[in-house]
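Read through the structures below before going on.
Note that chain A is present in both complexes that follow, paired respectively with chain B and with chain C.
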Partner chain A sequence: MMAFLKLLARNRLALAGGIVLSFVVLLALITPLLPLAEPNVTNTAARFQKLFTEGALLGTDHLGRDLLSRLMWGTRLSLAVGFAAAVVAATLGAAIGIVAGFYGGRTDNLIMRGVDMLMAFPYILLALAIVAALGPGLFNALIAVAAVNVPFFARNIRGITVGIAHKEFVDAARLAGLSNTRIILTEILPNVIPVIVIAMSTTIGWMILETAGLSFLGLGSQPPQADLGSMLGEARSALITNPHTSVVPGIMILIIVMSINLLGDGVRDALDPRLKSGALSRPMASTMVRRKDPVPQAEGKGLLEVQELQTQFHVKDRVYRAVGGVSLHVKPGECLGVIGESGSGKSVTALSVMGLVASPPGVITGGAVRYDGEDLIGAPYRKLREMRGRNVAYIFQDPLATLHPLYKVGDQLIEAIRAHRPISKSEGQARAIELLKAVRIPNAEKRITDYPHEMSGGMRQRVGIAMALANDPDIIIADEPTTALDVTVQAQILSLLDDLRRSRGLAIVFITHDFGVVGQLCDRVAVMYAGRIVEEGPTQSVLETPTHPYTARLMACVPELGEGKRRLEAIPGLPPVVDKLPAGCAFADRCDRVQADCRQGEIDLEREGARAVRCIHPVTPLKEAAE
Partner chain B sequence: MTEALKLTELSKSFPVGGGFLAASRGTVKAVHPISLTVQQGETLGIVGESGCGKSTLARMLVGLLEPTTGTIEIDGAALDNADPAVFGKRIQYVFQDPISSLNPRKTIRQIMEAPLKRLYGMDRSQRDLRISEIFASVNLREEFLERYPHEFSGGQAQRIGIARALAANARILILDEPVSALDVSVQAQVLNLLADLKKEFSLTYLFISHDLAVVEAVSDRIAVLYFGSVVELGPAEEIFRAPRHPYTKLLADSAPVVGRPLTAPESKETELPDPLNPPPGCAFAARCPRASDRCRKEVPRLEGDRVQAACFHPLDGD
Partner chain C sequence: MGRYILGRLISAIPVLLGITVIVFLIMALIPGDPATAILGSYATPENVEKLNRDLGLDKPLVAQYFIWLGNMLQGDFGTSFSLNRPVIDEVLERFNGTLILAGTSFVICSVLGIMAGVISAANQYGWADKGITFVVLLGISIPSFFLGMMMILFFSVNLRIFPVSGMWPIYGTRDIWALLNHLVLPASALAVVATGVIARLSRSAMLEVLRQDFIRTARAKGVNERGVIWRHALKAAMVSIIPVLGIQAGFVLSGAVYIEIVFQWPGVGRMLVDAILKRDILLVQGGVVFVAACYVLFNIVVDVAQSLLDPRIKT
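After this line comes the complex of A and B, so read on.
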């Protein structure tokens, strides 16, 4: 709750809206206590008094009633009716939406078609019809405004409920013996309340306007009772001669609706889970760079050379050292495996190469990324955009999320090519077919008109690879490209990648958590833990004689096919959180070889031949392993 | 040994298409009639790729889905209507995604109490006692009870999911990909915990996974599912070492193994058959190197003694 208020207060406009609104609400609440004139007492002798006359601060109306008093009482009424209408509409709408979304099928169809019919009428006509049927009066106006707004809530909440009703925790509740009513009340409702609040906060201003509109037409509050709409309506005839009688309630409506809307937008933003991370704005086009230390000199080790890269996430006052000094390199035709568990920094390392880490909160704080010797960190966005896809291309884990669902795969491929060179539509078409053939998609000529959802997971990932190949890049960074796929499909994608790098001389950085995959595809492997490389070397050598205790124990955790039923080795504990890294070795707390000196100061990545390890008590001495 | 779970000709079809007024355009068989028995204290592994019907099968077993045909017997008693509250006391479910299986707006205590309250009507002191017992056996600290699900790592959340399943005091647990959302180092912790719990409470497991090596490491017997049918069933130590069904062999050959050269074990298109228009014979025939005319016309039945395979031309095995 405190965090919510803090977020809300960070939005200046919302804060201003909130302050103004609280002031108005406070005034409305204490209106009966204020020394105001009676709002409904007429005094035709003193009609149309100007502003600031004695005894009537805001003047009087056509019947000589005190405008200030009527304004205060009118505001009180308008706010109350608007708020009540919002609560009624939200309650009814949410109830309808939850029932429709939860039960689904025929119930859903029946309810939602009814709601659709309600929405088919222009809202003001519907409201007029309801008031006409019930007779004029403020209470009936309230009913009309609420009824008109029910569909908005019902549709909104139904959509959210459908998503929640299929969550696993609802199944779990069923298995725990909860009845449907109880599931709706204790499992679904608490999860949709934020959405209801958001919807209410953005529509309440609208509802106050609608009530005022009905009163303006004489269908809401009846004389002599004042609300803002009826005050405007009564002042209409004197608009030219005595404008202040309309301006006064008009300004009040403006103030109320503006402040509610500003506050409502603020509430929506503050409740939006995506904004909770502190990122209140859209990410920048490339990752922010704030390097303090001098940039390392080029060493010319490979086509892609990552040197002492440091990427951090700055969230509020915390600093997460996601990548804490990583050096990697890869040559043409070579495949480098980067292995690690979730949170080890492997994906952030990969995304940092082309400045794709979202900023804020991501910041590159040190090191260099060299493509053919040239440092790319801090390069202008134009340059990076030119290189993304053309020189360095990415393949991501979930092709369903990376392909646009509304465009045909062929068009997406052509777009990827055209981002870098101008080609005609027919040329693009031919090239797209060629690419799909290169990734062994059968019937490529037909498949280019498919939408992503019409393809299987394996086919989609092939399209993802085809897209990465579209501009003949030299380097492909593949971030867990086969994790979401079935084993038989994975085997095919891996052999495809292997062929491609051999036939085209591609350099591949392959990020994975699977030793089996690394063992089959990669020439060299780097093992990451808590944002750093802890071991590196030729794949075969590392897998046969791991030197870092983490590598050795991680390999022991992985069951291998063909060994039958057995107890698995486990590593106790969890990886450290990267905003509170311990001094010394990050693995020390989980390591069975730990000694006092492991926790004292930096431990360097020690090199011996092609092998490297960041450990002072390795499982196998580095010298032995390097042989 | 006694039978803990017996499925007889269990199947599930879903209507396809059809809207508010339109009639459905036909049915898709997600699970073809399956007959299986699971012995008391056994772990039966179920492997298969996405779309093979393993989750549909699992959801029928706990009463979340009503079977189209067939019966489910637990400890000799038939459960014929799909009512999760009745099933819940006898058979429980551990979900794949530990975080999304816990309601984000409830404390762990509220989550743990639900089955005790609703299934057993326990009062407060009984519930507290039972929760401490269970938390002790899954190695969770009781201070976790007042926290919310998002405060836990995947491994801890999965332990909570297991604890909730144990709370219902069911003797059979369906483990639906219980470790595939976890990191390898944590995966082993959870698998070992499951093995310990099984011994402690003499549980029976149905372990569903797409990871062959994991299934092999935990199971006594393994059933291989393809396109809604069991194509091979046999002891865990033999099934991948000496597969009899060509599909099992394809699976075993596709699993990445250190030191094995990288070759695509299959050059053809690997899409599953169209469920709306299933092939008349063996569903695997189109991908099978050993397929004959008979395979394309007739559906093979599951046959054999120790290792059963639904194939007209099984591989030799040894």
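After this line comes the complex of A and C, so read on.
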């Protein structure tokens, strides 16, 4: 509770709303004690006194009554009626919701049907009908406003109750032989009350507005008694000649409702855990770049060259070093595998290339990504956008989430082309069919009008590949493209990618956690752990003689056909959290070859020929492995 | 699609019946003799008795309901005693005015609300976002009737740009420009709250969608930011915005009552308030049932729009 209040107080707007509201409520409470004029005493000789008149600070109304006094008494009445309506609506609504949610079945069905019927009415219309039946009057207006808000509470509370009614502690109470009434009162109600209070805090502003509205229409408080709404209603006829009589109560309603809304928003935000973590931030068009160290010089190693790349996630005051200085390169026609467990930083490395890491919270803090020698980190967004899809294309995991659900696949393909060159509709259509045929989708002419959800997983991933091919890129970065697919489909996709690479001379960066896939497709492989490369070399060589203990353990995780009863060894433990990396080797805690010097100081990536390893006690000595 | 619409129409029938039951039950709450309530306290006993017979009020409640429903289905909503004309004629005439007002408002609040929400989300935490958020907060906190009055004061009395009230000029031609001129202030005043609600919802729906994987795909394809926001994100966000548009249509339709009073607009809302104050029960009953039924039908349009947008909804 204290934590909640602290959180609320940190929200400056909510705090301001809370202070203003408390002030207004306090004034309303002490109104009878204040030295104010009688609110209902008329004095026609002193009609329509202006603001700041002697003896009448806010002037007087059409009957010469003191506006300040009427305002204070009116505020008191409006607040009381609005609050009462909220309490009545919340109590009734909660009772109905709890009964429906707790008993379920037919009772639930019947009640919720009725609630739906009430909700089918345009809101204020129902209130008008109720006032029509009961007759005008403040009390009747209160009943009407409360009644039209009951369905809202009933529905919310029912939802919560259904969730609670099947929890263990309720079952336990049932087994203990408690009556339903007791269970509702002692087990359900205490858990529902916070929700009721929150729902009230967000709707009480509405209720004050609505009762004021009914009074404004002359259906609420009756003269001489006045709430803020009827003050406005009475002042309306003198709007043009004496606007202050309207402005005074109107501004008061605005102040009250606005401060309640500010406070209500604050309450909601403080309770919504997603907002706490900042997860609801929208990712920007390209990843933020904040490089402090000098940019490494071009080495001319390949078409795509990643040098000492560092990408971090900044969440509140914590820094997660997802990629901590990774260097990679790939030549045309070559396939580089990047392998590692989830969270090793391989996807973040891949996304950093075209500035696609979600930002906030992602920040590229160092290194360079060179396409044909030119550094792309920190390149203007326009430049990046032009290269995305045209020079470097991506294929993502899980095409159901990565294709737009509401556009036909053909249109998504055409859009990929149109993003880079103007093309007529029929031309685009023809090209889309061509692309689908290139990825061996049968019946391509018909398939272009399919939506993603109408296709199978394998077909969707083919569409994903076709989209990557749309602009004949030089480099394809495939981020676990086969992970969501079953094995036979996976094999088809891999052979498709392999064919494309050979026929088009594509450079492929293939990200995976599966050594089996690496063996089938990749020329070279880089093993990543905790944001760094721990081993690198030609695929065959690494598969035959792994040097880093992590590589060896990772390979041991792959079952092999025909190998009989080989023991499948899972790697014990989890990768370290990348906001608190240990000194020395990050794998030390999970390694069975660990020695004291592993935990001391930085361990460099040692190179020997085509092989490289970041380990001082390798499984096989690097020299031996490199031969 | 035709079958889907038919299905929705059929499923609306129980809702429409439910609405008539609720209105009927509310009116049955009226204390004392309904005929006296309808005719007023100065009615002669003969007239009261005659009306009781005519309305079937001497019969049991259930029979009364079916007689009333049967009459309504034949277009007979009874006769308004205060206006001395058939309720249905009056309601239809007035509904026309409300439809023009609420319809215009609905277009304004949908377009402005969605645009504001999208711009706000696209510039999250930027100045545009902060400005829009503040204006929206102000908008949803101000009573529409007060806003309408202030608009009259400022635009009509001080600046003399727009007429003070009414739907048509008292003298002069009744053309579309005259109507639009009279429509600007009331339609804007009515739209403000709904615009705020829609803008808020659109903003959070957009923020939700912008974090989805398919947005990253669009960016990876090289789609420019405008396309990402307005084509990819907005289309997906519309799935959660459209139902709210339906709810807001109800607010605009019934909230029109305040604006009709403030701007002397000849609509159903003002008719209802007058009828309530005169205790013209049949007119209230007829008006409420008619407007509520129209709203139910409008919600079918909303559902159809939703199914056109989202192919995953089985049609």
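As a working rule, the second predicted complex is superposed on the first by the 388 of 627 C-alpha atoms of A that agree within 3 Å, B and C clash if a C-alpha of one lies under 4 Å from a C-alpha of the other, contacts with A are read in each partner's own complex, and residues count from 1 in each chain.
The rule is simple: a residue touches a chain if its C-beta (ideal position, glycine included) is under 8 Å from a C-beta of that chain, and two chains touch if they have at least 3 such contacts.
Source: prediction; values computed, not measured.
Touch criterion met: A:Glu168 reaches chain B, while chain C stays clear of it. Applying the stated contact rule after C-alpha superposition, one finds that A:Leu178 touches chain B and leaves chain C untouched. Of the two partner chains, chain B is the only one that A:Gly516 touches; chain C does not reach it.
After overlaying the two complexes on the shared chain, residue contacts for A:Leu125 are found with chain C alone; chain B is out of touch.
Using the contact criterion defined above for the overlaid structures, shared-chain residue A:Arg524 touches neither chain B nor chain C, since it reaches no partner. Shared-chain residue A:Pro572: touches chain B; no touch with chain C. Number of chain A residues touched is higher for C, counting chain B against chain C. In the superposition on chain A, A:Arg611 makes contact with neither chain B nor chain C. For the contact definition in use here, the residues of chain A common to its chain B contact set and its chain C contact set are 113. Partner chain C is touched in their complex by these residues of chain A: 113-114, 116-118, 120-126, 128-136, 205, 209, 212-213, 216-219, 229, 232, 236, 239-240, 243, 246-247, 250, 253-254, 257-258, 261-262, 265, 279-283, 285-286, 351, 354, 356, 358, 381, 385-390, 393-394, 396, 398, 401-407, 415-416, 419-420, 451, 453-454, 467, 470-471. Contact residues on chain C toward chain A in their complex (touch as defined above): 15, 18-19, 21-23, 26-27, 29-30, 121-122, 124-125, 137-138, 140-143, 145-146, 149-150, 152-153, 157, 164, 204, 206-208, 210-225, 227-228, 232, 235-236, 239, 250-251, 253-255, 257-258, 261-262, 269, 272-273, 275-277, 279, 281, 284, 288, 291-292, 295-296, 299, 309-312. Partner chain B is touched in their complex by these residues of chain A: 106, 109-110, 113, 167-169, 171-179, 182, 186-187, 190-191, 341-342, 442, 456-459, 486-492, 494-496, 498, 513-517, 519-521, 543, 553-554, 557-572, 574. Chain B makes touch with chain A in their complex at residues 19-20, 49-50, 59, 62-64, 84-85, 87-88, 92-93, 95-97, 100-106, 114-115, 118-119, 153-155, 161, 164, 168, 183-189, 191-192, 195, 210, 212-214, 216-220, 236-237, 240-241, 250-266, 269-272.
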